[in-house]
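These notes open a run of structures that come right after.
Shared between the two complexes below is chain A, which pairs with chain B and chain C, respectively.
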Partner chain A sequence: MAADILLTILTVVFALMVVFSKRTVVAAFSLLMTLLVIGMIYFQLGTVFLSAVQVLVNAGAIAILFVFVMMLIDVEQFTNNRERNKWKLIASTITVLILLGVFAIVINNNIESLSAVNLSDNSMKTLFAKLFDVYYLPFELATMLLLAAIVACVVLATHDKHQSEEELIEAHNVEEKQ
Partner chain B sequence: MSIYYYLSAFLFCLGLLGTILKKDLISMLLCLELMMGGVGLLFVLFSRSTGLIDSQLVVIFMMIISACEVAIGLSLIIALFRKKQTIYTDDIKIITE
Partner chain C sequence: MLEAAIEILLKTVVILALPLGALPLIIHVERRGAAFMQKRLGPNRVGPFGIFQPLADVAKFMFKEEVHPAHVRRFFYTAAPMVALVVAILPLACIPVAGPIEAFGRTIFPEVFRSDMGIFFAFAVSALGSYGILIAGWASNNKYSMLGALRACAQMVSYELSLSTSVVAMIFLYGTNDIHGMVSQQSGYWLGFIPQWGVFYQPVAAMLFLIGIFAESNRLPFDLAEGESEIVAGYHLEYSSMKFALFFMAEYIHMIALSALFIIMFFGGYSLLPGMELIAGKSPILLVILQATSLIIKVAVMIWFFVWVRWTLPRFRYDQLMNLGWERLLPLGIVNLIVTVLFVYFRNR
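Coming up: the complex of A and B.
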């Protein structure tokens, strides 16, 4: 029980830092820590494989990808002193608090039926037997999705070479005229 | 264990609040990841409370989808930054420009 509370407090603190920190880099590293602690919670709940995948994929790859993109576009050049709309802040905070209250009431009413039972067979063998037997079609679709995402990333992030060449030629022509 | 149910609801709501309030696209994507983390935790908790292993498979698929989402989102941000030199949502008013 003590470990439960400790992990919950850690997650809450890091999650609050993601949303309320002024610097985006601090937010990214707080997200990394949040995902890491969620991985620890998975481990404590007995789902060891998911814990490893969470640490490797979510914390290790995705959070670091954010930091790489921040380095690429030099995020620190944007000063974070944009004017905030006060009414938007109040309205969205109240809405989210009401949503949180609804969630809390729903969880509170069903808390007896949500207690932990022993997993009958929690081994990786069972997990993957089910993945490749029952869920083989979603698995194949997921591979297609990943492939499409790779192609989309390459197309979107590749610099348009011809366009920049045309701009260079135009700039050169303007200089010659002057 | 029951405290984790409240934690997952809290993470989802906090991510939603951040997505609404933040002004730059990278912070909005960070908050979306926070929401995904909350939902993933809820699926693992369902797996523990029902005794079924299927919920864990849902978490695996969710990780695949969240990886795709982040990759495409970040490359869109880079493409936008090349064109407009900004990552703030206020500066991007007309999408077809």
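Coming up: the complex of A and C.
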């Protein structure tokens, strides 16, 4: 029980550090720690496979790419400008609403039912039978979310409001001639 | 409760004492091996054949002045060697040095962390291995260290993929992810003397795994993270005395842990070496000792192989490394995985 509480507190603290830390790389490492502690929570619940996958995929592959890119392009230089974000209010309202929704679900339902995916039967067969049967819709929705994120990333990375694509190619050609 | 705690403590001591005790010996073998390959003598002054040289090195590491460069990021700079060592040691927790032992009226498993998902745990933890190097390179606040860390990180992430495909292929082939199950499937013989090791079923997976180990532990020909002739010493450039020694230890322990995993999956793990059954007899204690000896001999051969390769092959160029990883090994691994899965599917029908 003490371990559960400690891990929960650590998760929240690291998650807050991701948002509030001034230095981007520190934020990335906090994200890594959040993912690791969530892995430990899975471990504490006795689901070694889930915990291993959490560490292997999220901490070992995804977070490392975050850190890698941040170090590679030296993000610090972009984060020092204190521009006011005009979407701040809307974004935080939506976040608070979602958080309240999650709380409402947790309070309205019996807490016991949250551990419905009882994985004390720790085999992969049971896990994946559940994943592709009972939880198929949430699973597919999660993949759609990832797809949306990929599209958003591509748009954000390639969209430049000052230059259209033709202009960019032209500028590139001129550069090459010189 | 107390009994279980003592059991875990004892296992931990054994599994830590084995690689840490072997470390000076391995370093000595490495240096003498290098000398042997380059037709020179190597360290031979301290004790007979210079075997006390590693002890002298340890004393030097401990008493050397610790230099803290002024420009480092202090917290991360101090944390990095510890992260590297802890992450290197953790996979050892799931490696059994012998089979299950029937004693005191119950079955005792020799690994510290007993779970049939142990192999996933080991690979998950060893996937974190690049963080120690990455943190060190970034905290050193120096362009050579940074370059070394970025190289190491990109290399480890790339080769982890082909390594994982080979592991998944082996799990499909054995039909189990329990380490003891894998070993027991490899303990038979063909024609009475050829052991049924996984390497004979899956030579491609074995090759991918072997190359993966070299890349994961940053050993030559994949030591781009250090690359003395290009980036001075890479990620550990700013580290001196015991902090450097921790990185050094982490590299060797990572090597030992990955070699042990390789041997479990492809060379029969702790199953007896051919000929050992004749003396094993019926005594369970003797059997356990022989099993542990078999595993240690196999790991020792692997370590010698590491030394051999290190002083034989030159370092890859960075683009060669990336081409090999992404354009050769990964497709090969995926094809191998698909073929294995189809084979297992039709065999089990």
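Here is the rule we use: the second predicted complex is superposed on the first by the 91 of 178 C-alpha atoms of A that agree within 3 Å, B and C clash if a C-alpha of one lies under 4 Å from a C-alpha of the other, contacts with A are read in each partner's own complex, and residues count from 1 in each chain.
Methods note: a contact is a pair of C-beta atoms (placed from the backbone, for glycine too) under 8 Å apart; a residue touches a chain by one contact, two chains touch by 3 or more.
Since we're looking at a predicted model, the values are computed, not measured.
Shared-chain residue A:89: touches chain B; no touch with chain C. Shared-chain residue A:65: touches chain B and chain C both.
In the overlay built on the shared chain, the residue A:48 is in contact with chain C alone; chain B does not reach it. In the superposition on chain A, A:124 makes contact with chain C only, not with chain B. In the superposition on chain A, A:5 makes contact with chain B only, not with chain C.
In the superposition on chain A, the chain among chain B and chain C reaching more residues of chain A is B. Note: residues 49, 53, 61, 65, 72, 122 of chain A belong to the chain B contact set and to the chain C contact set alike, using the contact criterion stated above. Those residues of chain C that touch chain A in the shared complex are 76, 115-118, 120-121, 123-125, 127-128, 130-131, 134-135, 137-138, 146, 149-150, 153-154, 157, 160, 177. Every residue of chain A that touches chain B in the complex is listed here, in rising order: 4-5, 8, 11-12, 15-16, 18-19, 24, 27-28, 31, 34-35, 38, 41-42, 45-47, 49-50, 53-54, 57-58, 61-63, 65-66, 69-70, 72-73, 75, 78, 80, 82, 84, 88-89, 92-93, 96-97, 99-100, 103-104, 107, 111, 113-122, 126-127, 130-131, 135, 138, 142, 145-146, 148-150, 152-153, 156-157, 159.
Within the complex formed with chain A, the residues of chain B that make contact are 1-7, 9-18, 20-24, 26-27, 29-31, 33-34, 37, 40-41, 44-45, 47-51, 53-54, 56-57, 59-61, 63-68, 70-72, 74-79, 81-82, 86-88, 90. Contact residues of chain A toward chain C in the complex are 25, 29, 32, 39, 48-49, 51-53, 55-56, 59-61, 64-65, 67-68, 71-72, 122, 124.
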